[in-house]
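Consider the two complexes below, in which chain A is the common component and chain B and chain C are the respective partners.
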Partner chain A sequence: MRTKATAIGTALVALVALCAVFATSASAAPAWKFETKSLEGSEVILGGALESSLTIPGLTTKCENFLYKLTIKNEAGTGKGEVTELPLYNCTTDTAACSVSKIGAEKLPWPSHLTTVSTTPYIIIEGVRVSILYGGEECALNETLVPVTGSAGGSINNTTETATFNASTLSATGTSLKALSTKIEWNGVFPTEAFQWHREQAISVS
Partner chain B sequence: MQKYRARVLSTALLAVALAALGLAGTAQAKLTGEYTKFAQCPYKTAEVKKCVYAVTESGEVVLGSKKVPIEKPVTLQGGAGAINEEEFGKFYAATNGITLSKAPQNVPGGLLGIVPDASSPALVKALIKFFLENSLTGVNSTLELATPASNIMISESHLAGEEGIALKLPVKVHLENPFLGKNCFVGSSTSPINWNLTTGTTSPPAPNTPITGAGGEGELLEAGHIIRLKNNKLVDNAWSAPSPAGCGGILSFLVTPIIKAQLGTTTAGHNAAILKGTVMSAAAVAVKKNDEEHP
Partner chain C sequence: MAQRTGDKRLLTPSAKSASAGVALALALAVLLLAGCGGGSSSDTSESTSSSASATATPAQKGSAAKADAAPANAATGKGAGAGAAGAPGKTSTASVGGGSGGAGKKHGPHVAQPKGAPEQAPSQAEVSSATVADIALSSPSLAPGSGEAPPLTAAYTCDGRDEWPALSWSGVPAGSAELILYAMNIQPVEGKLFVDWAVAGIDPALTGIEAGRLPKGGVVGTNSYGKQGYEICPPAGSGVTYLFALYALPRALSPRPGFDARELRRQILEVSGNVGLYPVAYSRG
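Here is the complex of A and B:
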């Protein structure tokens, strides 16, 4: 009789543990929503960075026009997507010596997915590759093509409908971007606004 | 009158001497801060676009069956010209003539490591005995530039991007010991060892397997005028080396074949170069400007 009770107890513990695992994975995979309803099909998010800079130790590069196009969808309840366009214009550096001759995103589309870390929703963009050709006769990187590669995680704010990328969000998601073989800093705030079927609808992630 | 003439002459001579000193002063580079590393860069040459200063602090050179660790720093310095379509810039020799510094590295095992006593002819045995008795057993291996510096090619994009060849370096290895004589070399100006060093991954023929280098940690210094790559790792294990030559002085006909046998196969796939250190590069215009600002 005692054996039966022990067996039931063990089974219950196992069930609770299993539920906990599922609960964790469920919260780790949020979905895209519009007006609180889960997105069906796909949607296009289009916008420009409110602010964005990329820092290699000793050199910060900023772009006035940091546009992006992101196609999103939900797959098995999990938000997915891909960055399909990322035109960058009017880029400068914080030094008088170095200018930006050319800059461009490569190997698009970059896959993305949503995740949750400590109740905060994040978007993870993988396979990032941006090549920067620096110019300036006095610049050490003059005529040197510097590829920026890696993955980046940004926190999503449902209230302001923005995605923020910085050192904390990259660290929280275990992602990193590298240039000149060095971990670099990327700071950017991107509005997340639908431009296809859900225009002017409140977008959220949960 | 004579006294007056002598005074005029001595004043004139003093003026000439002072002027000469003044000229010498302006010719002397007085670089400051991180720019001092580029003192031997031919930055006044119009074709030179970049100044390069690379120090290999550790690593190893594997030549057939012999492995020589790099324990003493080796410096590569000079200038680099405009890049070509393949993103390579031609190298310009250091102004002091020391483009690749000669740092003798200790060969593990010494003389007996490369000339075994047991299997050598009687004459060689007797000579080795003499050298052993006189503690002249240490053998040094010195890396030297095999051809003019203009044959070195450098690609900063590949260096930083960790793909493709970053540095083409034609070298020869000088084996030094009184027994080996002054002209014991592996590689020569007509048949150099051509290293195609990468910070990416190599594709060597068997039995070697791919090895991976590293661009290192990059940092811009002096307001973007200088870049420093710390913990840089340049590798190549696909190179071939010619047979040694000129070893043993007048006994070369006896000693060289022994060394060749001791090195074993040195065809591609049996050798490796792993160079770890710091690479610095600066815009030549910026170095020149720093020089002019500090006469």
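Here is the complex of A and C:
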């Protein structure tokens, strides 16, 4: 009897340990939440930055407004999504000789998912492709179409409800954007809000 | 009797074992149903959320339905007032939020309202007429930069031998008629494009050139220093980013030696070929 009790006890301890492992992995795969409740079904959220910039070495392209529309859902406890629109407004360069003739996102939708790196939640956007057509008679990139491609990871701040993309967040998530055979920088802080079923509700990731 | 007793003895422990197994199974089921107590998305709050969504009032659903249209407008900046990317949230405050506590309300900033119309992606016609940067160009002479433009070593400037580094490339479109190499300051000098080096007449079958050695058939142009050759020499105390460019042209321009590098570049852009771009940086102490 004592042996069996010990066996059952051991099994329960093992079960609790197994559950602890699952609980840990659950926290490593964050989910989208509204008012602390996990999102069921899907939702559309919009992120928008006042001034966001892409820096090709020696030339920075800035956009006054940089929005993204993201359809989100939770799959098996992990937040997923798709960037379906990425409108950019009033884009210029830091060089008077170079203008932005055209700029736009291509090959949408771009898949995204949530992850955690050292307790910080991140959103990873994959399949990024933005084409920039530069202009300016005296610009080294005049009439040149530069594709920016790759993936980008942004940190999510649940307190400010913002996603931040910069060199540190791209590095932390092992993501990178490339143009002209080299890595480029993307900087922007994006306040984020829901536009469908959860408008005016606090959005968080955990 | 003894045997029946024995049966009982045999049965009793197995019954106990069975009930222990049932208890273990129940414990397992309870733990699994409770999500092991972990913070996964399958926690009980989710079902609460689900029922909350399912029992949304018609007014809430109506506002959500209206909201469906808003993001598209907000995202594209079309429609009266729709550009107010932040506005939909603000205007809907009264119709949303049934049952949500103050602490659960949105507390971060709203998405800022964009001004004007969104930028347009290049059309297919514009892509066809543009010079597309899709050739991979790099230099085996230079160490890769860590996220920045690779540093140009002094050997390849006026502080050293002032000769071009080795360059290699891939992805030249089949059928290209001529390759032309350029080195330019990425920032114009006094508002003008500054060309440091231009070599035309390069065989499209080549996949690279050696440092300081002109490829067979190569024709050197006149740079912005007025020199027929290569020169990278930024002012002392300044850092400059240069752009090596390899243009692959669908028809040959075949300029003569000493050609005007700036003028040839205008012709190159009219031909609309493909280009490989390789930025490098040099700082002069």
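Methods note: the second predicted complex is superposed on the first by the 180 of 206 C-alpha atoms of A that agree within 3 Å, B and C clash if a C-alpha of one lies under 4 Å from a C-alpha of the other, contacts with A are read in each partner's own complex, and residues count from 1 in each chain.
In the analysis below, a residue touches a chain if its C-beta (ideal position, glycine included) is under 8 Å from a C-beta of that chain, and two chains touch if they have at least 3 such contacts.
Not measured: the values here are computed from a predicted model.
Enquirer: Will chain C clash with chain B on chain A after the two structures are superposed, or do they fit?
Expert: Result for chain B and chain C: clash.
Enquirer: For A:147, is the partner it touches chain B (first), chain C (second), both, or none of the two (neither)?
Expert: Both partners, chain B and chain C.
Enquirer: What is the contact status of A:181 with respect to chain B (first) and chain C (second): first, second, both, or neither?
Expert: both
Enquirer: Can A:138 be said to touch chain B (first), chain C (second), both, or neither?
Expert: The answer is both, since A:138 touches chain B and chain C.
Enquirer: Of chain B and chain C, which one touches more residues of chain A?
Expert: If we count touched residues of chain A for both partners, the winner is C.
Enquirer: After lining up the shared chain so the two structures overlap, which partner does A:46 touch, if you call chain B first and chain C second: first, second, both or neither?
Expert: In the superposition, A:46 touches chain C alone.
Enquirer: For A:92, using the defined touch cut-off, is the partner it touches chain B, chain C, both, or neither? Pick first, second, both or neither.
Expert: It touches nothing on chain B or chain C.
Enquirer: In the superposed arrangement, which partner chain does A:168 touch: chain B (first), chain C (second), both, or neither?
Expert: Touch partners of A:168: none, neither chain B nor chain C.
Enquirer: After the superposition on A, what does A:56 contact: first (chain B), second (chain C), both or neither?
Expert: In the superposition, A:56 contacts both chain B and chain C.
Enquirer: Which of the two partners, first being chain B and second being chain C, lies in contact with A:64: first, second, both, or neither?
Expert: second
Enquirer: Looking only at the overlay on chain A, choose which of 79-87, 115-123, 133-141 or 259-267 in chain B hits chain C.
Expert: 79-87
Enquirer: Under the contact definition given at the top, report the residues of chain A touching chain B in one complex and chain C in the other.
Expert: Comparing the two interfaces on chain A, one with chain B and one with chain C, the shared residues are 56-59, 95-97, 137-147, 179-182.
Enquirer: Contact residues on chain B for chain A in the complex?
Expert: 49-50, 82-83, 87, 156-157, 160-162, 199, 214-221, 223-227, 229, 281-283, 285-286, 289
Enquirer: Could you list, by residue number, the parts of chain A that touch chain B in their complex?
Expert: Result: residues 56-59, 93, 95-98, 136-147, 179-182 of chain A touch chain B.
Enquirer: Touching chain C in the complex: which residues of chain A?
Expert: Interface residues on the chain A side: 4, 8, 11-12, 15-16, 18-20, 22-24, 26-27, 29, 31, 34-41, 44, 46-50, 56-59, 63-65, 67-69, 74, 77-78, 85, 87-91, 95-97, 100-106, 131, 133, 137-147, 159-162, 167, 179-183, 185, 190-197, 199-203, 206.
Enquirer: Contact residues on chain C for chain A in the complex?
Expert: On the chain C side, the touching residues are 16-17, 20, 23-24, 27-28, 31, 35-43, 45-46, 48-50, 52-53, 56, 63-64, 67-68, 70-72, 74-77, 85-86, 88-89, 92-93, 96-97, 100-101, 103-112, 114-123, 126-127, 129-134, 136-138, 145, 147-150, 184-188, 191-193, 241, 243, 245, 269, 272, 275-279, 281.
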